[in-house]
Structures are given as C-alpha cells and as structure tokens.
Amino acid sequence: MAEIVSLSEAVRQLVRDGDTVALEGFTHLIPVAAGQEIIRQGRLDLTLVRMTPDIVYDQLIGAGCARKLVFSWGGNPGVGSLHRFRDAVEHAWPRPLAIEEHSHAGMANRYVAGASGLPFAVLRGYRGTDLVEHTATIREITCPFTGEVLAAVPAINPDVTIVHAQQADHDGNVQMWGITGVQNEAVLAARSSLVTVEEVVERLEPRPGAVVLPSWSITNVAVVPGGAHPSYAHGYSDRDNAYYRHWDAISRDRAEFGRWLDGIRSGHATTAGV
Amino acid sequence: MAEIVSLSEAVRQLVRDGDTVALEGFTHLIPVAAGQEIIRQGRLDLTLVRMTPDIVYDQLIGAGCARKLVFSWGGNPGVGSLHRFRDAVEHAWPRPLAIEEHSHAGMANRYVAGASGLPFAVLRGYRGTDLVEHTATIREITCPFTGEVLAAVPAINPDVTIVHAQQADHDGNVQMWGITGVQNEAVLAARSSLVTVEEVVERLEPRPGAVVLPSWSITNVAVVPGGAHPSYAHGYSDRDNAYYRHWDAISRDRAEFGRWLDGIRSGHATTAGV
Amino acid sequence: MTVDVSYSTDEMMSVAAARRLHGGSRCFVGIGLPSTAANLARATHAPDLVLVYESGTLGAKPGRLPLSIGDGVLADTADSVVTVPEIFNYWLQPGRIDVGFLGAAQIDRFANINTTVVGRYHKPTVRLPGAGGAPEIAASCGEVVVVVRQSPRTFVERVDFVTSIGYGAGPGDRERLGLRGAGPTAVITELGVLQPDLDSRELVLTHLHPGVTVKQAQAATGWPLAVAADLQRSDPPTEHELVVLRRLQASQAEEAE
Amino acid sequence: MTVDVSYSTDEMMSVAAARRLHGGSRCFVGIGLPSTAANLARATHAPDLVLVYESGTLGAKPGRLPLSIGDGVLADTADSVVTVPEIFNYWLQPGRIDVGFLGAAQIDRFANINTTVVGRYHKPTVRLPGAGGAPEIAASCGEVVVVVRQSPRTFVERVDFVTSIGYGAGPGDRERLGLRGAGPTAVITELGVLQPDLDSRELVLTHLHPGVTVKQAQAATGWPLAVAADLQRSDPPTEHELVVLRRLQASQAEEAE
C-alpha cells in the first residue's frame, strides 16, 4: 500500500545518489516540484530518464545532479532550446552529461517492456536513421515466424519513477486524467514510485479517460498542490506559458541560472523563482 | 469512415468463405447476433479466432461453418462444456475441426502484435507446458540484450473482426464501456471490421472506462439492439443465464441441435431459439 | 437467526481455501471454486484482499459471487478496469500478484495441472476447455493455490497434458525453466489439504478436514499419497463462515435466474 | 470588416502547407508550423481532417492553435485520448495515418531530416532537441509533408545527422529498408514548394510563391537546386485563408499570455 508522506520525506527515502530516475509527464502533469526537491536535497550522479525532458530536467542538469540523460526529445516546448542541457552536452558544464538517445516510439516501448516484466520490446523503428549507430541500446531482432528484421530496445526499469496526478484517496489510490502520456507504464516499470497529487479526496470519482493506479502499485504519495507548475493539471490549473519564456532568459546565462539555483536551494517557492 | 448498414448486408460484404474471422468479447458484449447471421448466410471453411469461444462459437462449429479454431479457452461459462465443439474435436462432426491452441496471455499478445503492425509478440509464457509441443505458433526468441529466452507468438490479423458495442454516433464512431477485454486490439488487428451496436446516439457522451473507436478505424457499423444476447451489454441488458443453461441441453444432442439450427436458418429470432 | 452448522464437504473446501488468503494479498482469481473461496475470504477475515480477475478488473469488490469472469459486478466495483492485454502484461507477468487461485481437471503428484484434454491430444477422450489464463498464472504468481474436488480420476500419477506447470518432474524444474513464482503451495480439496514436500516437491497430505480419514484421502488419490509427519486436522467451518458463504451462494443463485 | 490582404512569407507558407491536406485524411501533426498549417486546413477547406497528435489525441478539434503537443485543448476536443505507447504502436506504426507533417532543423537534397545535432554527434556545434516522434512518423505515414523555412544553413547538401529518413542516398533506399510509407512528397517553405523527382528522388523546385524568383529559391538552398519543367506559381492566400489563419494565431497568442 502506498504511504502518504511529505515531498521532502519521499524524495529522501526514494531517490539516492547514482539512481536511475524518471520524472515523466507529456507537457501535462509534469512533476516539477519533485524535481526541484531533488535539487534541494543535492542528489548526484543520477541517470535521468524521460521522453520529453523540459524545464525541470534543464534545472536538474544545470544543478549538476545528473551524469546521464536517457531521452527522445529535449526542448523548451513552444520556446526553443534547453540551454542548461545544451551547455552540458556542448561544454560539459557544470559537468559532462552522457546521453542515450532514442525516438519517442522507442522510449515508449522501453517503458512498456519495463512495465511488462520483459527484458526488451520490439518495434518498427529507427531504420535508416543515424540513431542506430550512436545508441547502443538499439539492436536488431529477427521475427522467428517471418524472418523480418525489426528493432529491439531494452526495458527501462527506473529505480524510482515520479509522476504528478490530480487526486489520491486516503488509501493512496491515485487517479489522473487528460493526457496521461506514458505515466502508467513509467510507474509500473519502476522499482519504486512517488506520485505527487493536487489533493486527497474522500473518493476517486470515476472519470472519462482516467488512469487509476491502485495504492498497492505505488510506493509513496505526497500532496503537492501546484506541483506540476509551470505545466498544467487538467481540471486544476493552466499552463504558465510566461514561465516557459522566462526560463529561456534565466537558463541562457550561467550566472543568471546560478542565482535561480541559489533561490531554489535556499527553499524559495518554485513559482517565485522566476 | 465506417458505413452504417444492416447486419445481413455487413456480413454479406465482409465475411467470405475461407476467411479468418474473430468475433471477440470477454463474457461481455459478445457479438452473438452477428455470429448467427454468419450461420444464416451459410459461410464455410472459416478459421474462427477467439480467446474465449463460447456459445456462439459452439453454434458456428455445430453448423459446420468452421474448419479451424484458434483459441485459448473454450467452454460454456458457469455451465460446462461446449458440446458442439467437443463433438467436432472428438468425433469430427459435422466436419473435422483443426485447432490452434494458446493461453490467454499468448492470444492477447497475438492481437496486440496484430494491432501494432508487428509480425510477432514476446511474452513470458508457455514454459514447461505441453502447449509448446502441440502448437506450431509458439516459438522461442532470445533477448538481444540479456540473452534470456522468451516465448514468441505470431500476430493475428483477421480478415474481419466483429465486436458488439453499446453505442455509435451518426458518423460511425463507436463507444463501448465496462469490461472491454481485447476488443480494441482485435478490431485494430483486422483487415476489416464490423461493430454491432445497441443504438445510434446523437453524441457519444464521454464515460469512465470507455473505449472509443474512431469511425475511420472500422469498416461497418450495424444497429442490432440485443445483439449480444445471451451475454450482456453493460448499461443496456443483463446476462441471460437461463439461455446458457438451456444451451447445454440443446447442444448435447445432435438432433436437438439440428432443430435449433433449422430455426436459425429459417430466420427465427435468436432468443426464441431456446 | 438460527444457522444450520452442519456443513457439506464442498463448504468445508471453500472455507479451507478461503483461510489460505490473508491481509492485503493480491489474488488472481479463476471462476468457480477459487472465486467462491476468494470472495469468502474477503467477506470474512481478509477484507483488504485485492481480487484480480483476468477480464481486467483490479480490486473488484463484488457483493455477490460473480457468475463469470467478466460479470458486470466486477467492473462496477473494481478500483480500475484495464484491458485484457494489460491485465496479463502489466499486472500478472511482472510478478505483481501474490497468489494465483486455480482449479483443475487433472492434477498430478508434482502439482502439474491439466485443463486441456483427457487422453491423447489429437484424439482426446474428453476435450476440456483449455488453458485460459492458467499457464501464466501458474508461472508468474508469487504462489499458487489449487482448489479441486479429489478423486482418482482427477488426482493422477501423471497428467495427460501439462496445461499449467506445478513442479514439472520434480525438484529444480521450475528453477531450470526460469519461472518466477514459487509454484503451488497448497491443493485444497473437500477431504483435506495437500502440500508439496520441500525436498521432493511431491504433494503430500498435510491436513484432513473433520471426519475424513487418511484412508479416504488415499483412496481418492491416483498415486500412493504420502502423509506428512505432522498431519493436522482442519478446524470445522465457523458459524460466521457458513453464514457468509451461504449468503454469497444464495445471491449468486438468485442472480443466475 | 476589412482585411489586410497583404501577407507575410510565413503566412504564405502556412497557407501552402494547409492546401496539401484534403478531405478526411488522417494527419500526424508536429507542433509549430505543421500544427498551424493543419489547423488552418481543418478550419478552411478540409473540415473533416483528422488531427492526430503524439500526446495521444485522436481526432482533436482545437478551436485555437495548441501551444504544445499536449495542450489540454487537444484532450478536451479529441474523439479519443489514448496513451503514448498506444498512439505509436496501435495508430502510427501499422500505417493508419495518411500524412505525417514534420518540421526540420536541416533537410538535404534527398529530404532526409536532421533535428539532432549540427556538427559531430559527440562534439556538436549545436545540440538540437532530438528525434521525438519523427523517425517513425517519417517511416510509417502514407506520405510526409515537411514545413520549414528555407536557407542554405537549413537546406544542406547532406544533413549532419539523419534523424528521420527521407530517401536516404537516393532511389531504392526506402524500399531496401522496408519502410512502408512513400516518404516526403512535398517540402513547403516560405519561398515555394520542393518535391522529389520521381526518378532521382532529389528535391526539385515545383512551385514558387507569388513574387519569389527561381534565383531566390536557389540562393536559399545549399545544393544546386533543380527546377521542375512545369514549374508552377502558387495562388496567393485568399482573404478567407488569411482571416482564419490570423484568428488562429491571435487566439494562440492570447492563450500564451
């Protein structure tokens, strides 16, 4: 059964230096507050996994928490580059960042394999692209029935997956709705998991398009209203588009970023950070 | 875009002698009326596919429509054997029935592969069972990353899949809810598809747990209220448990079954058939 | 209210099976005897039991016994309803389920289960329903509990067809096959309980239900049934267990009309 | 209402791209220029266009331009919202999508696309966002339309990194790789339209937008750009196209505040 704890307690318990950590969210329900708590607690040498690393991954990378990024698309959606990510890849600042790069289809299937207890997944993918030669985790596999050659990718099984959802009940069952992306698979693929939620409700009212994660399939729940800011929580908050644009300015400059980081480390609210 | 046609027209257009046909439904929403229309139209040499062949497959087999059954569990749920199925397998009556036998996990993954445009699927399955030696469509596959040996099964891509759903709208979009089993995958795996529905509504109201099949992903829709009888349509009808028990008596005896079949062929209502 | 505290052997079987389920265990439930036992457990001593049915219902809390694996009452009361591919791939296969609860048409001394054919595969004497979810339930659940009525026709030296593996031909076979679950830990019948010997993996008689003799159990077994050194006697059903069991069954019978 | 019928080159590009979409085509839409064009088409001549976004929204009908691939307006207006694994495995991979609408950071004469790095992979001059959904969109859609602003830095002899394959090194490469879709059929820029020559698969100039010269198009291309024998002139945006496009963009800008 999931235990309902504070965010700092959850991060302290579940995220360790050197861990493989996935904070998932597909422009919606991104667990930003949890990512900033990881920065605050000074975790190091993380392997960060995410299909669409955006601002919170830029922050983690800029803060020096990561040694490796496993991903398929890294950008500031609707704005442009992730400058801290680029600085790490292009100039090894503040430290070198290894990358393991896939397509969305490949990453999604890696989570599916992880959630399914399989060591790998098969897809029609990557053919003719230069990803094949640069990414060791793309191999060929031959269909034992037709002889056709397809792509294989290994399962992802993070040490911990963190996602944000709208609601939990008192038993720690979780419900999310709207665009739910690959979060179900990312949670089920992980050895442990944390779900930050907007609120705890008496009863999870069934909703169209909702994904329900039973309490016994997750490790910890933490109540963090607004924990997805600046992304949005369908039914709770809107996307803060200004933050995404402001982040471009902050992240372009190492000194500017350093000031932002000082603010985070000294515990300022994340929204006040811009 | 799906065309809304009559049941007899749809079966005439989509189901041809020798076709591979899947009528799916997992105790819920079983497309029984469509199966009986296939009997009425006298289709022959079908390869019937279904995870859980039950009464309607017993009827199709007894009527001599099938030359092969691909399945994982064949019974009259809560009652006992399928006597027409047993008579075909044990005594080749009314004609021999080839069988290709899997587990539920294997069949489900065969549909998933079919829906995904992949030639095969991988699972942890079948190990230590005698299915491996009797079913040619179970092979081994080695993980290209870990060297682990797993089971592979080929995709199922029926010529036509038939399912029953609660609702369509005038554009032919379909919505089903409750236990939706493997129907989404079975439809997407097929070269053509027919969805019989309880009713056409002005607008598909989003519902918890619903699967929506866009009009452009299916071939035909036919309005057949009660088309899942004696199974049930969540929100529309209850399971007719008496029919399942009556079927046991009818199907035990070839002559009794013959009389039932005459009734069907002469166009009697299916419910009056018992 | 007066309760008839005499009970049938089937009632004793369901009660004994229910007692094997505890706390918040996640239980993958087959229809029929296993479902009766699991629902009885949830309605008595194990209210937090998580019932998982292969139709895709996670955490079903039916108020009556479901009539089929896809009974609407399962969907209506579940924490979540997922697709059939998901239930097998995301929930069963990775080892998230503690106990698999299975029936059998034949079971042998190494707890291998047959639900496929009696006789030869291509020329069967009796064609049975087939595998369903059982092979992967038997492979992937933390442990497996079998509920089955005992007779020499059912309890055979060697099953005609291994639909779901127990301990194969004996010690080490599950490990060699790379199966993750521990395999069958108990076979509950209307006569008693059989459990695998830790060394030989052979099913031995560990419990007799009240009034049953070792001889009766042995006569109902198609191999020379060994008896555990510490053979125990099952407690008879309590009044509460009987009341709840009969209520569950009555509601099922009513629904089945 | 008076409309300013003068228009920007970007407006012409969006209009030209929108015009390539017809009827009930299923269109896999990338964010940015492709999304603008697809929504413009749906709001003008192709109301039955089916917009599919990689966030899992099938048949989205946004009333304004979405700000991101996972904008809530897409979920609110979709026929169905599926998971990200499903959108790629069940909808894109089997070839259910007619048109893939992509952008590019670099594109070469064989319509290969780079969105990964400028420079060497391990020591890039510019690290770009990466592949996203593009490699499999380029492989599996019936055809691919690329919308991108034209310059010699973008239209290069050979891309630094093949993120998404067009025609590889020329004729036969897609077939050899077993790719199902036909590949890029048009590259729409603010200057005109490039299409692959049927024999050589090389991108040639087939349309010029009003007021643009062949010389300008060639100067904006990093390889010696061939010109089609039947070079055509695009019709300028209609008043209706401009009104709708500006309305869409205004509503996006408002939302973005």
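In this document, chain identifiers A, B, C and D correspond to the written order of the chains, with residue numbering beginning at 1 in each.
By definition in this document, contacts are C-beta pairs under 8 Å (C-beta built on N, C-alpha and C of every residue); 3 or more make two chains touch, one makes a residue touch a chain.
These numbers were taken from a predicted model, which means no experiment stands behind them.
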Practice prompt. Using the contact definition stated above, find the chains touching both chain A and chain C.
Written response: B
Worksheet entry | Pair of chains joined by more contacts [C-beta pairs], B-C or B-D | B-C
Worksheet, complete the sentence: Averaging C-alpha coordinates per chain, one finds the centres of chain C and chain D separated by a number of Å equal to 57
Response to the item:
Note: chain B sits from chain A at a C-alpha centroid distance in Å of 40
Worksheet item: CA centre of chain B versus CA centre of chain C: separation in Å?
Response: 28
Worksheet entry | Contacts with two or more other chains, residues of chain B listed in rising order | 112, 117-118, 123-124, 148, 184-185, 209
Worksheet item: In chain D, which residues are in touch with two or more of the other chains?
Response: 89, 93, 140
Item to complete: Can you identify all of the chain pairs that touch?
Response: A-B, A-C, A-D, B-C, B-D
Worksheet item: Quick one: in the complex, what on chain B touches chain D?
Response: 1, 112, 115-118, 173, 184-185, 188, 211-214, 216-217
Discussion item. Show me the residue ranges of chain B that touch chain A in the complex, using the header's touch definition.
Written reply: 117-124, 137, 139-141, 143-146, 148, 150, 152, 154, 206-210
Discussion item. With touch defined as at the start, can you tell me which chain C residues reach chain A in the complex?
Written reply: 24, 26, 50, 58-59, 79-80, 89-90, 93-96, 140
Worksheet item: Where on chain A is chain D touching in the complex?
Response: 26-28, 51-52, 71-75, 77-78, 81-82, 85-86, 89-90, 101-105, 108-109, 111-112, 123-131, 134, 148-149, 178-182, 184-185, 209, 232, 234, 238-239, 241-242
Worksheet item: Which of the residues in chain D come into contact with chain A in the complex?
Response: 31, 54-57, 67-72, 74-75, 81, 83-85, 88-89, 92-93, 116, 121, 124-136, 139-140, 161-165, 168, 173-174, 177-180, 255-257
